[in-house]
Structure formats: C-alpha cells, structure tokens
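Just so it is clear, A, B, C and D label the chains in written order, and each chain counts residues from 1 on its own.
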Amino acid sequence: MATQQEQSVIRLREMILNGGLPAGCRVTETAVADQLQLSRTPVRYALTVLEQEGLLTRLDNKRGYVVSRFSADDVRGAIEVRGVLEGLAARMLAEQGAGDALRQDLRSCLEEGDAIFAKGWLEEGDLERYAAMNAGFHRLIVEASRNHPLGHILAINGSIPFAHAGSFAFRRADLGHQYRILNYAHMQHHAIVGAILDGEAGRAEALMREHANVSRDSLELSGADALQPEGSP
Amino acid sequence: MATQQEQSVIRLREMILNGGLPAGCRVTETAVADQLQLSRTPVRYALTVLEQEGLLTRLDNKRGYVVSRFSADDVRGAIEVRGVLEGLAARMLAEQGAGDALRQDLRSCLEEGDAIFAKGWLEEGDLERYAAMNAGFHRLIVEASRNHPLGHILAINGSIPFAHAGSFAFRRADLGHQYRILNYAHMQHHAIVGAILDGEAGRAEALMREHANVSRDSLELSGADALQPEGSP
Amino acid sequence: MATQQEQSVIRLREMILNGGLPAGCRVTETAVADQLQLSRTPVRYALTVLEQEGLLTRLDNKRGYVVSRFSADDVRGAIEVRGVLEGLAARMLAEQGAGDALRQDLRSCLEEGDAIFAKGWLEEGDLERYAAMNAGFHRLIVEASRNHPLGHILAINGSIPFAHAGSFAFRRADLGHQYRILNYAHMQHHAIVGAILDGEAGRAEALMREHANVSRDSLELSGADALQPEGSP
Amino acid sequence: MATQQEQSVIRLREMILNGGLPAGCRVTETAVADQLQLSRTPVRYALTVLEQEGLLTRLDNKRGYVVSRFSADDVRGAIEVRGVLEGLAARMLAEQGAGDALRQDLRSCLEEGDAIFAKGWLEEGDLERYAAMNAGFHRLIVEASRNHPLGHILAINGSIPFAHAGSFAFRRADLGHQYRILNYAHMQHHAIVGAILDGEAGRAEALMREHANVSRDSLELSGADALQPEGSP
C-alpha cells in the first residue's frame, strides 16, 4: 500500500506523461490537491519530486509550476536512445579492453551494490546509496569508451526526463517489490562487468541496452507485464 | 559456508570440467573420497548428482561410473548454442504474436515464480518448484515459435550437460546467494514475456540469449566476475 | 527472360515449397510436363536439380521421385537456425582472434571471389566457382570457432533443403541480376573477414546472421521486396 | 590508378584524419601543393571537397583554411553513433509498421537506385544521383520512426564529418570498384526495406547499423580488409 506521498507522485506523473496535463499547462498545489483529493502536504512533496525529474518547471515568484514540453513518447524514445548509446559505449570498451584502474573502479561499484542487497532487504537510505553508485557506474563506462561524440550527445539526450542513467521512479512505499527490481538491475551490473572483462563485446552491448529498460518499466506506462512482479509482501 | 555434500558436488564437477578427471576415466566412491579427503556419504551423493547432470555415466553391476565424453569447452559451447536457438524462438514468437492461451500459460509461469520470490527468501522445495516452472516456461516458447527444425536440434544439443533449459548447478548451501541469482533469472522471465507480448522481437531475442548465461555462470568456471555477488549472508 | 530449364526449376520448386505437391507425393516426368505445359527435357533437368537440393527423393528402379517431408516453413526455419549458429561461430572466432594460417585462408577466399566479380559480369563456370569458394569460406569459420556442439548440430540442420551454407537457388537465366546478388553476398564476406580480424565480435555475428538471408531470399518465397532488384538487363 | 585530383583528396584527408595536420592548423593551397608535390589545381579541388566534408573550415578574406577540431577517432565514433541511432529508428519503424505512403516512398528509392545499377556500371552523374536518393532514404526512415529525441541528436551528431547519412568518400577515379561498393550499399537498402515491411524488427536494426559501416570503410582508415575488394578493373 503506497503512502499519500507516493500516491501523489505516481498519479501526478501519470497525468503528465499521459497528456492529462499537457505541456505548458500551469500547475498549482491547491488545484492538484483538489483534483486528486489529497491533502496539500503530499502534493507539495510530489511537485518537488517531479520538478527534479524534469517533468515540471518552477515559475518565478512562487507562482507554481508549468508542465515541461515532453510527451510520454518523447520520454520512451529518449530512454531507447540512451539504451543504444550506452550499449555502444559498453561494446567499444569490451573491444578495447579495460585497464587495471577501471577494473578496480567497476569492482568497487559492484561491491557497493552487493553491500546493499546482501542483507536481503532495503532500508532507509539504501535508495540514495544505490542511485549514487549507479550514476558512477554508468559514468565510468561512457567515459572509458573514449567515444567523445557519444558522450556529448548522451548528455544532451539526458536532459529529457528519465533519460539519464539512474533516473528511476522509485517506489518507496513497497520496498519488498523495489528490492527485487533493484537487485535485478544490479545483477545486470555484474553481468555487464563480466562481459566487459571477458571481452564479450556483443554480450556487453546487449546487456547495457536492456539495462535501460529498467528505467522505462519503472514508469509503469506499459500495458504489458514488463518488470512488475506480483505479490510482493 | 557450503555443506560437505555441496563441496563434494562442486569439487568433483570442477575436476571433470577442467579435465582433472578426463573423459572415459573410471570413478569410484572410495577413490574420490580419498582424493578429496571427504567421507563416503557426501561423495556418494555427489556421484548421483553428477550422473543426473550428464557428466558421469553409471556402469553396470555396481562397478562405479565413467566420466562422459564432454569437455568444459563443449559444455560452454553447447550453452551458447542453446542461447542463440532459444533467442531465435523468442524472436519468431514475438514477430508472430502470442495467442490468448499462450499468454495465459506464460502468465501462469510468471505467477508461479513470483509466489516463490515474493516471500523474500528461499525455503525447502523452492528449488524444485522453480526448476519445474522454468522447464515449462522454456518449452512453451520453443513450441510456440513453430520452428520445427529448431526444436529438433535444440533437443539434440540438450543432451550435453547443462545445455538444456533449467540445468542449473544450484548452490543449496547458500540460499541467500541463490535467491539473488534465481530472482534475477525470474525477472528476466518477466522481461521476456513483456517483450514478446509487446512485439519487441529484437529485445525478446537478446533477453532470451542472455538468460542462458545464468546456467553458464552457475558453473563458476569463468575467471571474471560473472553473476557472483559478494557478501551473501 | 528465363529459359525453359530455369522455368521448370522455379515453378516445380514453388509447387513443392508452397504445398501444391505435398510431402510423400509421387512425381513423374510425364505428369509434371503435362501440368506445367513444358516439354520433358527441361522437366527432367528440373527433377535432378530438385533432388540435389533435397526437395525430392529418387525412387529405386526408375519409378520417379517423391516429395521430401519438408514444408516451406521448415526450410525458412532451418535457414534462420543456420544464420544464428554461423553467427555464433563468427562471434566466437572474432573474440578468440584468428591465427595467421586462418587469416591467409580467409584472404584466399576473398581473392577467389574478387577474381570472379572484378570483371564486372558473370560467365560460364562462375556460379560453380563461387559455390566452391563459398562452401570453403563457411567451413573455415565454423571449424575455427572450435565450438564442437555447434558444428555437430549445424551439420544435422544442414540436411534440410537450402539450410547448408552455399545452397542458393541460382538464376542462371538472368546473370546480370545474379551478378548483383552474388557480389552483394561476397561484399558481406569482405565485411565478415574485416570484423573478425578487427575483433568486432558483435558486428561479425550480425553480418554472418544476415548473410544467411541471401539463401532465403534466393527462394523468392517472400511477399516483400527482399533482395530482388528491378530492371536487371 | 587515381587521378591527381583523387590523389590530392585522399592524401590530404589522410593527413588530417591521422593528425599529420592537427586541428586548428592553417592550410594553404601553396603549402599543400609543395608538401604533396602536386600542382595547385588538384590541390585547390581537394580543399573544396574537404571543406564540404567538414574537415576544413574556410577563413574569411581568402586567407585559406583551418583544420576542424575533429580527430579520426571522433569521426569513427560519430559514425558508430549514427549506426546505432539509425538502427534504432529502423527497428521502431518495423515494430510500428509502415503505412502505404511510406511504403511507396521507400519503393521509389529502391527503384531509383536500381535504375543506376541495372546497367552494370557507373557513369557521369550517377554518384550525385545515388547520393540524393540515399539521403532521402535515410531521412524517410528516421522521420517515420517518430522518435523525436532521436531525430534531434542524430542531427547534432551529423555535424561531425562523415557522420551524416550519405557522406561517402567517393572514389571517382575507380568507378568499377565504386560500382561494387555502392551496389552493395543499395542491396542493403533492399534488405532493410524487406525487413521493415515484413516486421522483422531485429533484422532491420542490424542491417541499418551495419549499413553505416560503408561510410566508415570508405575512409580507408582501417588496417583490416574491410570493404576493399581487390582487382577492380
């Protein structure tokens, strides 16, 4: 069962991504609270989360927010773009081979994640800790690929909501479910590192591409099963 | 910490796959117990497990076992072959579209697995339950692809140890670790079904191919990180 | 404009692959000549060509032929299977690296093909010369991958018509058109060798897989454009 | 045997891409003519060709050119980026299905190319005609994918020399060789259209990615065989 905060975030995000609140539309705390029949505190929280995600832009002088000019299709499209670009970076790195310093840095990321998941559940602070490790992991691979044009346009693409590495729509209210999703994503990190170190370039690329779909599926926009296991406690 | 049984299985399997016990070599309970400095009961258990895996063939008249004629390279090669063939089946199915009965059967597999993992840990009987669900899942996809030559040669390839779907080298002694591996494999099942139902054929293929590497990595023959998270409790 | 021989081959093959002549059906020179309204000499030629392709099986005592037990779907399925298996072989070879002797052998294949295409057209004997070079090229890659299970089941799969490397349905009557198709296939050989020697494993795999579609498209069963350029002289 | 013009282009391009003339370096007709021991007319021609390719930037007041700030690695990297982005566009289009108008437009491109290659050789004006058709073909696929973020960053990436569709380093002096390369590229167009119309999304993606390598190989920077057939007349 999601908290009021979580519900506010999920429902407001859905309204924006599905076009219920179109681009350019002004959004205020009071109006949203009325429409969703929630109290103003969780709505205020949701507005700041969605601003961080890039879906809302804050207006000057405390006059509220406007919906950014991105459709759900743009978000999905940009996540696909991220997938193929990061996949290419992983392939190039696997073909070139990783030096000792990079190997050590990649292993540190794996260990940092394992320290989170080895205890068997998630607790306060783990999502932030995971997000920091994850952002570092992706940055390492893109930089080590030494494809500068790729790094350049990946950064531009990353300005679209959810299209930079480590943008997840976390579900804080259901940490059992979240544990299974993030452990899956981190096992992908293990497989990616294994493929890079073994020089399995095609495999590294395929894994890195698929890895981007964790972000896409976290938005829960898909009609299909995606990565939404049932029956989490 | 592995039990004596688990240790016997892992060390004897390693001796065979690395050529320490070459193909055709006769293997008896007493000799193995001496060599590994383990008592005879766990060794007897290991011999039956490795016979089931196809690495050993039992001789008539209780005269022990001989090592089957497969090298570690053959096992790895055959797992790769399984990956590309099952990947092709998943792609063809995604391109053709899945009918209602198949969708229902695939969803049942996902639910059966979710019922195992939702409680957050593994217990007695879960590995067998997972193995049965998993074998059914793979059979569904291969049959539904309607590529008969593929089904035919996949079955022939499956006679090589660990090269049929659902051959894992389970680590019963470390169920925390095993939970993370199998939850990962089952999240791949979710992603595969999502890709098939959404008609994402290339994605379905890439996922199904990668999925075969869980078997490969379970053998722990690789020098690299593979899917071996650290620090499981 | 196809010759009578060519027409006999194409139309009889089509009748078999589309099920007009079902598996097990007996086929005689006289009956086919009547049905296609062609004289018996080109029909006799067509029967021997289709026997070589595996679509017909000759009966003892000169009693004619029967249609082999393969559908068009089986043929397509087996060509796809060949594509993914040869693709895997090319990937493994690119990852392992090619030794000097193999490099020399691959280059000899490329030169042999270039000698055919450099003159700008095809002439008597070129199709046979191409077929021999092509069979050697594919054999080199499969053997050099050192994946024995792969070689084993690829041979089994190859017993299905058009599913072994170098089975083309050549169109002898239109050598201008045939030049463009085979030059395309041979440029793929160049790209495959380039990818293997440069260690671009994922690219080598994708190229080798796609290369198998030249056989599929040569059957002209597809409804779409496939590799059938218009307006050949 | 290349003409003096062709030689000037190839050698000057090589000096820039290999860093012999570093970014920011000023380049004048006289200095280049001296260094390459060629007369000034072909050098003047080469300078305009390389300006069009983006490798040189013209200075105001007829003071010559400077080398643009791109390395050979940037060019290769950006061509790879183009490959994966156009590949993604082709995949999305194949998954969504092509409407009648688009099918007709794609077929027109194929016919336009076939009209060039059906005569069996290239003549005056064919390279320009091919380049125009080719640019249209790529634009159709990217636009029809309806992935706006992709179109946006593909355009940015295209500002790097040779990284927009249809940048080839044509070899005008050897039209027999050029015929074989471009016929290969156009047969890829046929295969791409076939895959899109048949809904073979993974195949469409792989073909479109590989297609970008024709640009890369036209630069002749690779040490390996690439697409450089021997013995063209």
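In this section, a residue touches a chain if its C-beta (ideal position, glycine included) is under 8 Å from a C-beta of that chain, and two chains touch if they have at least 3 such contacts.
This structure is a prediction, so every number in the text was calculated from the model and none was measured.
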Which neighbours does subunit A have in common with subunit B? C, D
Give the chains in contact with both subunit B and subunit C, ordered by label. A, D
Among the chains, which has its CA centre at the largest distance from subunit A's? C
If you average the Cα atoms of subunit A and of subunit D to get two centres, how far apart are those centres in Å? 35
With chain centres defined as C-alpha means, what is the inter-centre distance between subunit C and subunit D in Å? 31
Chain-centre distance (mean CA atoms) for subunit B and subunit D, in whole Å, is 46
Hey, what residues on subunit C touch two or more of the other chains? none
Residue ranges of subunit D in contact with subunit A within the complex: 73-74, 77-78, 80-81, 84-85, 87-88, 92, 146-150, 152-153, 156-157, 160, 163
Subunit B partner contacts - residues on subunit A that touch it in the complex: 107, 110-111, 114-115, 117-121, 176, 179-181, 183-184, 186-188, 190-191, 193-194, 197-198, 203, 206-207, 209-210, 213, 217, 222-233
Spell out the residues on subunit C that touch subunit A in their complex, using ranges where they run on. 91, 95, 199-202, 205
